[in-house]
Amino acid sequence: MTHDDVGRLIERLAFASIDHLRPHTQGHAEVIFCSGKTPGQVTAIAERLAAATGAGEFLATRAEPPHVEALRARFPRAEVNELGRTVYLAPDPEPPPTGRGTVLVVTAGTSDLPVAEEAAVTARALRNRVERLTDVGVAGIHRILTQTDALRSAAVIIVVAGMEGALPSVVGGLVKVPVIAVPTSVGYGASFGGVAALLAMLNSCVAGVTVVNIDNGFGAAAAASRINHS
Amino acid sequence: MTHDDVGRLIERLAFASIDHLRPHTQGHAEVIFCSGKTPGQVTAIAERLAAATGAGEFLATRAEPPHVEALRARFPRAEVNELGRTVYLAPDPEPPPTGRGTVLVVTAGTSDLPVAEEAAVTARALRNRVERLTDVGVAGIHRILTQTDALRSAAVIIVVAGMEGALPSVVGGLVKVPVIAVPTSVGYGASFGGVAALLAMLNSCVAGVTVVNIDNGFGAAAAASRINHS
Amino acid sequence: MTHDDVGRLIERLAFASIDHLRPHTQGHAEVIFCSGKTPGQVTAIAERLAAATGAGEFLATRAEPPHVEALRARFPRAEVNELGRTVYLAPDPEPPPTGRGTVLVVTAGTSDLPVAEEAAVTARALRNRVERLTDVGVAGIHRILTQTDALRSAAVIIVVAGMEGALPSVVGGLVKVPVIAVPTSVGYGASFGGVAALLAMLNSCVAGVTVVNIDNGFGAAAAASRINHS
Amino acid sequence: MTHDDVGRLIERLAFASIDHLRPHTQGHAEVIFCSGKTPGQVTAIAERLAAATGAGEFLATRAEPPHVEALRARFPRAEVNELGRTVYLAPDPEPPPTGRGTVLVVTAGTSDLPVAEEAAVTARALRNRVERLTDVGVAGIHRILTQTDALRSAAVIIVVAGMEGALPSVVGGLVKVPVIAVPTSVGYGASFGGVAALLAMLNSCVAGVTVVNIDNGFGAAAAASRINHS
Amino acid sequence: MTHDDVGRLIERLAFASIDHLRPHTQGHAEVIFCSGKTPGQVTAIAERLAAATGAGEFLATRAEPPHVEALRARFPRAEVNELGRTVYLAPDPEPPPTGRGTVLVVTAGTSDLPVAEEAAVTARALRNRVERLTDVGVAGIHRILTQTDALRSAAVIIVVAGMEGALPSVVGGLVKVPVIAVPTSVGYGASFGGVAALLAMLNSCVAGVTVVNIDNGFGAAAAASRINHS
Amino acid sequence: MTHDDVGRLIERLAFASIDHLRPHTQGHAEVIFCSGKTPGQVTAIAERLAAATGAGEFLATRAEPPHVEALRARFPRAEVNELGRTVYLAPDPEPPPTGRGTVLVVTAGTSDLPVAEEAAVTARALRNRVERLTDVGVAGIHRILTQTDALRSAAVIIVVAGMEGALPSVVGGLVKVPVIAVPTSVGYGASFGGVAALLAMLNSCVAGVTVVNIDNGFGAAAAASRINHS
Amino acid sequence: MTHDDVGRLIERLAFASIDHLRPHTQGHAEVIFCSGKTPGQVTAIAERLAAATGAGEFLATRAEPPHVEALRARFPRAEVNELGRTVYLAPDPEPPPTGRGTVLVVTAGTSDLPVAEEAAVTARALRNRVERLTDVGVAGIHRILTQTDALRSAAVIIVVAGMEGALPSVVGGLVKVPVIAVPTSVGYGASFGGVAALLAMLNSCVAGVTVVNIDNGFGAAAAASRINHS
Amino acid sequence: MTHDDVGRLIERLAFASIDHLRPHTQGHAEVIFCSGKTPGQVTAIAERLAAATGAGEFLATRAEPPHVEALRARFPRAEVNELGRTVYLAPDPEPPPTGRGTVLVVTAGTSDLPVAEEAAVTARALRNRVERLTDVGVAGIHRILTQTDALRSAAVIIVVAGMEGALPSVVGGLVKVPVIAVPTSVGYGASFGGVAALLAMLNSCVAGVTVVNIDNGFGAAAAASRINHS
C-alpha cells in the first residue's frame, strides 16, 4: 500500500483518528477504551466502528454509567456486562469461535471478578471459546488442585489475582499451556494498588508465565486471543 | 499418581530437591539457574538432570565464569554462549524443532544482546526454531518498518529492549502474532535498572503484548515455547 | 536598577507578591496558576495583571469551575477553553504571532487532549502560531508516519502522550527540530499517574528530546515559546 | 530496680554500651551483629558477653571473613557456619532445648539457604530444637504437598523464600501453627532486592502469617523462639 | 482424604468457592472480608458459614454500612463494632476462650483504635481472652513504662502504631513474649499511608518482633491466636 | 518522681491517655491533632487540657469543620484560623512572648499559606513573637533578595515551599540564623504530594538547613520555639 | 524514498544496524554510546561512521578506559576528554560553528563537571559555539547573580546541577532564552542517585525549563543544538 | 556592597568558584566536601581557604584515603579523624568555643559512629563545645533513660540512628531543647539505605524534632551550630 492508500484508511474526527487498518494489522477492529472520553465521543467512535465492520460490531471497555447509558440509547441491542464494565454489540448472527481451543479465565477471589469479566467478554468478542473458574486462591490450595484436569485442557489460561498474586505460579507449575497473569488492585496497605501482585507475577519461579498491567483484563484477553489464533 | 509415587520422583540432595516430574507437568526438565549456587552444586544438579533424561541433556543459565569452567570440565561437549551466559548440553543427535513455527528474537540495541542470546539459546533447548533481528530500535524507525514481512512470518516474537522500551509497542502494532516484551537493564539514571522499560511495556497502548521480568530472556523463551507448542 | 527600583516593581497584596519585573526578565507577564487559590484571589491577581499590561491581558491555567465563573463575571470578554481549563483575556486587538515559526502540538490519544489544549492556549497567549495533530499514537504507527511533512515544517514540536509514552521517541527520530515531550497521567495500574510515560520520555533513545512535568502543557508551551522567540 | 542498679548493668566501652539486662528483659544475652563493626570491636564485645554468661557463650551473625578469623583466633572452640555467616560459642556442655516443640525452617530454593542457616543457628543458640526442609518452592507444588505431616508436627514454622515469595501462603494454608515468613533478596530485576517477596508475604491471603525484614533469618528465629518458649 | 472427598468440602456458588476444609486446616472457619463484595454476596456467604458451623457463627471484617445493614437485617443477633468495622455472630452460648493466655492489644494513639478494635474482635472470635492498653505512644515514654507489668503478663502482644511506628521496638525490648507489630495508615505527608511505620517495624533493632500488613488488625489477631493456641 | 507519681499525671480516658507531664518535659501542654478523632473526642480532650492549665488554654490543629463547630460551641472565646485549620483558646490575658527573638515565617507562594498559617498560630501559642513574609519564591529571585535585612533580623526562620522546594537553600545561604524548611504538597505530577520539595530540602547544598515532614507547619513551629527558647 | 532505498542506507553488522539515514533525519550521524559495548564493537562502528562521513568524523560518549585505548590506537588523531569520557574525531579541518549563537554550559558545583564536559564536547561536535560557567550553585547566590549578563547573551543555556537541583530555577527566572536542566547523580542519601535533582527540575516554578535524564549531558547538548540550529 | 565588590570576593579557579563572602553570610568559611573531587582539587581549595582565613584554617569532610594523604602531605599539622572521614586544620592556637552551650551527639549503635564523628568534628570546627553519648538505642530503653540529666543539660542535641530510627522520638520526648535527627544508612533489606530511619524521623510523634539528610553528620552539626550561636 502507498502512503496515500494508508491515509485513506485513517478516518479523522475532531478528537480522534480512527484506524481502519487495524483488522489488517491486528486481526480485529479498534476497541473503545471509554476512560477519559465523553459519552458523546464514545458513541461517535462506536458509530464509525459499527459502520466500518459489515456486521455492525463494536466493543467498549471501562464504560462508566454515563457511557453505558449513551451506548444503550444509541445501540439498544448492545449487551452490557456491569461487573466487567463492558458494552458489546455482537454481530448478528454472532459467528462461532475461531481459535484453536478454549481460553480459561481463573480468578483467585470474588473481588477479582470485575477484571476477570472484562477478560472474558473481550476474549469472546475476539472470537474465542471462553470458560471460567472462580475463587480458587492459594489460601485453600486444594481448591485449585482438584481442578487440574480443567486447567490442562485449556488452550490458554488467564489467571487473575490480587493481594500476594501467588496463583499464577501454582497454575503455571501444573500445566504446559501458556499462562497469562493479571495482577489486580484487590488488597490494601502494602498491596500498593496491585503492585505487590504485579511484582510477584513478574518474579514467578515458574518458567514461562507472562504478565500484563494491573487490572488489565482486556490486554490479557487480547494476548490470549493472539495465542489461540496463532 | 499417589503421593508416594510423586515422592519417588523428587530426588533429595542435601541442598536441592530435584523435581523429575517437570517433564510431565511442564514439558521439559528443570533448567539450572546458576546465580547464587556454587559451581559444585550446579555440576551436581547437571549430572542428575543429564542422567535422568535419556539423551544426557541439560541447560544452565546465568552461568558465571566459575560455573562455566566447572561444567566444561565435567561435560566437554557442552556448548557455552558467552554473551548469553548459558551452558547447554544438547542431546546427541539433537532432535529437530517441534513447535508450530519460528520464535523470532528482536533486539532494540547492541547492548540488549546478552538478554536476547539467553532467550535464543533457551528457545532452541526447548525445541523451537529460532531467528534473530538485531539493533532495530525506534530512534531510526525505518529499521523495523523495513522488516515487517519477517515479523509477520514468525509464530511468536520476543522483543528485547531497554531505555524507554518502546519497540514492543511498535512491533505489536504491526503484527497479529503473540508478542512477548522483555525489558532490559540497559540505560542509566532514570531508567532505574530497567524499570522505565518495564513500565513502558506494561502500559503498552497495543492490545495483547505481554511482559516478563527485567533481563528475563529465559522466561520469555519459555513462554514463547509454551505458545509455539500449544 | 537599584534594590529600591526593583522593590517598586513588586506589588504586595495580603496573599501574593505580584512581580511586575517578569516582562523584563521572562518576556511575558506572570501567568495565574489557579490551583490552590480562591476565586477571589485569582480575580484580584487577574485585575492587577490586566491593569499592568497596557492591553488588559491575562492568562489563567488550571481553572476549576468556580475560578471560571468568577473570572467570567469580572471579565466578560475572556475566553474559556473548557477542555484545557484555561481562561484567557486576549489584548484587543490581539497582536499577530511573533516567533520564528509554528508550534505544533501532537497528541497520542483522545484522552491527552486536556493537556494539549492547555499547551495550545498558552502558546497562543505567548504570541506563537499554533497547529494541532491529534490521536496519532504508536499503536497504529502509520498514523504518524503519514504526517512526516507536517512534523518537519514546524519550528518546535510538543508531543503529548500518556501510557507508555513512546510517541516522542518516534517523532524525535523523524525530525531535526526541537521536540518537547509532555507525559500525561492517562493510563491506569502501573502507569502510576503518568510516571511510566515520564520515565520513558526521560530515557528516550533519540538524541535531544527534552521533557517537562506530568500534565504540564503550560510548561511545554512556555519552553516552546522561549525556543520559537530565541 | 533503681536507676542506679540498672546503670550498673550497662557496661560502657568506648564504642558500645553492653546491656547486661537483656537476659532479664529478653530471655537471652545480646547477639553480636558484626556488620559495620571492626573485628576488634566484635572480639571485645564477644569477650564481655562470654565473661558475663557463666557458660562462656556468645553468638555473632553477619560475620565476614575478618570477623570469623578474629573470633576463631580468640575462641578456638567457636563453631563457624560459613553458609549462614554465624560464629557460635556454645556453652560446654550445651544444654538441651527448652521450648515446647520444634522450629522447622523451610526454604523455597537452594539460593535461600544462607538466610535459612542463619535462622537455624540462631534458633539453636536460643535453646530450640531445629529441623530443616529444603528446596520445596511452589514451581513444583507437590514437593511441599508431600511434606504436610512434617509441617503439621512443628511448633513454629519459618518459611524462607525469595523471588515471588509465594511459599508462606501455601504453607500457612496447610497448617494451624504459627508461620513466620522471611523474604530473601534472591532474584533479579523487579525483585528489587527482595521487595517483591516482602510485599507478597505482607499481602498473604492466609490469615496469620507474620513477616520479618528481608534476609532476616536472625529475627525470624528470635521470634520463633519467643513463640516456642511462651 | 481422596481428591473427591476434598471436592465435596468445597461449596461452589456462582461467585465464590466456600472452603469447608478450613476448620480442619486452619482451626477456624473462613472469615468474610467484605471489601469488594456486594452486600448480597456477603450475606450469602455468611449464611453458608453459619449453616456449616453447628453454632451458627461467622465473622465479617471491613464491613461498610451497606454490609452492616444487610447482615443486621438477616442476623439480628449479630454484634456490630462500628469503630472496628466488624460484624460478629457469636455462637450461643459463646464458648470460653481456649488459648494459653491473654492477647494484649496495645495502641500508640487514639487514631489507631479502628485497627486495634478489628484485632480485638477477631482475637475474641478465634477464642482468645483479650485485653487493651490505649494511647501509650513514645512521645510520652513514661505512659508505656508504667505498664511494664501488664505487658509482661500477656501471652502475646499486638502493638498497633502509625506515624514513626516506634512503639513495637520499645515494647519488644521490655518483654520476652511474642510481639506482633501492626503499622497503621495514621499520619500524613511522608508517612505514605503507613509505609513509614511499616518500614520502621520491619527494621526494629529488637530481636523477634514480627510484622503484618498496614492496618491489618485481622491478620495480627489471627497470628496471635495461632501462637496462643500452639 | 516515682512510677506512682508519674502514673497520677496520666489521665486515662476511654480513648486517650492525657499526659499532664508534658509541660515539665516539653515546656508546653499536649496539642490536639484533630485528624482521625471525632469531634466529641477532640472536645473532651480540650476540656481536660483547658482544666489542667491554670489559664484555660488549648491548641487544636488540623481541625475540619465538624471539629471547629464542636469546639466553637463549647469554647465561644476560641479563635479559629480557617486557612491554617487551627482552633486556639488563648489564656486570658494572653501572656507576652518569652523567646529570645522573632520567628519569621516565609512562604514561596500563595498556595503554601495554609501550612504557613498553621506554623504561625502554633508559634504564637508556644509564646513566640511571629512575623510573616509571603509569596517570595525563586521564580522572581529579587523578591527575596530585597528582603535580606528582614531575614537577618529574625531569631529563627521557617521557610515554607512546595514544587521544587528551592527557597530554603536561597534563604539559608543569605543568613546565619537557624532555618527550618517545610515542604508542602503544593504541586502536581512529579511533585508526588510534596516529595520533590522534601527531597530538595534534605539535599540542600547549604550547610545547616533542617527539615520537617511535608505540610508540617506545626512541627516547624514547635522546633522554632525550642530554638527560640533555648 | 522507497523501502528498498531506505534499506540500502542501513548497514547491517553482526551486532548492529548502522543507520546512515540519520544525517538526513536528525542533522548529524549516529553518536556511539560505548556503555555495554565491547571495545571491538565500538571501534568497528567508529570505522563505519568515519568512512560514511566524508570528513572522517565520529563522536563516542561514555567511553571507559578500554574503549579509549582501542579508539586511540585506531584513530591517533582523535581527541579524548577524560573528565567528560568522550572520544571525538573532528573533521580536518574542523568546520566553524553553524548555529544562531552560543550554547552556555553552567554547572552548580565542581563535582558536576563530568556531565558538563560531556555536554560541551557534544555541542561542539554538533557544530555549536560553546562557553562554560562553573561552580555557581545557589548556596552563594551572588555567584550566579553577578553573571546575569553572560546568561542573557547566550542562545541556549544548559544548567547542570546535582543535590537539590535548584540552579535551573534561578537561572530560568533571570533570562528569556531556552534553559535545559540536567540533573546529576552528585549527592548522597536522599538524593537517590540524582532523583532529588530530577524531581526538583521537573517541578520548577519557572515557566519553560525543560529537563533531560540524570547525568545526560549528551542529550542536553543534542537538544541545545536542535534549538540553536532551528 | 556593589556587584563589583561582591565579584572580587569570588575567587575563580579553573574548576571552582571559591566564595570568600561565606564568613559574612554564613558565619564561617566554606567547608570542603571531598566526594567527587580529585585530591589535587581538594588540596588547591584547602590552600586558598587556609590563606584567606588569618589563622590558616580549613575543614574537609568525606575524605577518602587519597584525599587524606594529599592533605596530610601539604598540611602536616592537620588532624585526621579516620572514623569520621574528616581532615581539620585548626587555627593555632585554637580559639575557645563561642556558642551558648554544649552540642551533645547521641548515637543509637556502634555502627552509627562514623556519622556521629563527622558531626562532632564539624561542631568543634564551628566553635562549639561538644560531648558524646554512644550506643544507647531503644532496644534496651533503660540505656537512654538513665541519661536524662545529661540530655537536659545540653544546648542542642544531635541524635544519630539507623535501622528503625526511633531514638530521636524518645529523646525528643524527654527534653525541651532543640533536637536534630540524623538518619544513617545502617541496616539492610527494607532499611533501603537509611530511608526507613529517615521516614521514621520525619514522622516523629514528638513536636519539634527536625531532620537532615541520611548520613549527614556535617549538616546536623552546622544546624546545631546555627542554633548554639543564635
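In this document, chain identifiers A, B, C, D, E, F, G and H correspond to the written order of the chains, with residue numbering beginning at 1 in each.
Basically, a contact is a pair of C-beta atoms (placed from the backbone, for glycine too) under 8 Å apart; a residue touches a chain by one contact, two chains touch by 3 or more.
Please read all numbers here as calculations on a predicted model, not as lab measurements.
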Listed pair (B-G, D-E or C-G) duplicating the B-D contact set, over half by residue number: B-G
Longest centre-to-centre distance from subunit F, chain (CA-based): B
From subunit G, the most remote chain by mean C-alpha position: E
Subunit G and subunit H, separation of their C-alpha mean positions in angstrom: 36
Inter-chain centre distance, subunit E versus subunit H - centres from mean C-alpha coordinates, in Å: 45
Interface hub residues of subunit C, defined as touching at least two other chains: 25, 139-140, 145, 173-174, 189-191, 195, 198, 202-204, 207, 213-214
Chain-chain contacts as defined at top: A-B, A-C, A-D, A-E, B-C, B-D, B-G, C-F, C-G, D-E, D-H, E-F, E-H, F-G, F-H, G-H
Residues of subunit D defined as touching subunit A within the complex: 108-109, 137-141, 145, 163-166, 169-170, 172-174, 187, 189-192, 195-197, 199-207
Subunit B-facing residues of subunit G, complex: 3, 6-7, 10, 14-17, 19, 21-22, 25, 33, 35-37, 41, 183, 185, 193-195, 198, 213-216
Touch list for subunit H against partner subunit F, complex: 25-27, 31, 100-101, 155-156, 173-180, 198, 202-204, 207-214, 218-220, 222-223, 225-227, 229-230
Contacting residues of subunit C [partner subunit A, same complex]: 110-111, 113, 134-136, 139-140, 142-143, 145-146, 186, 188-191
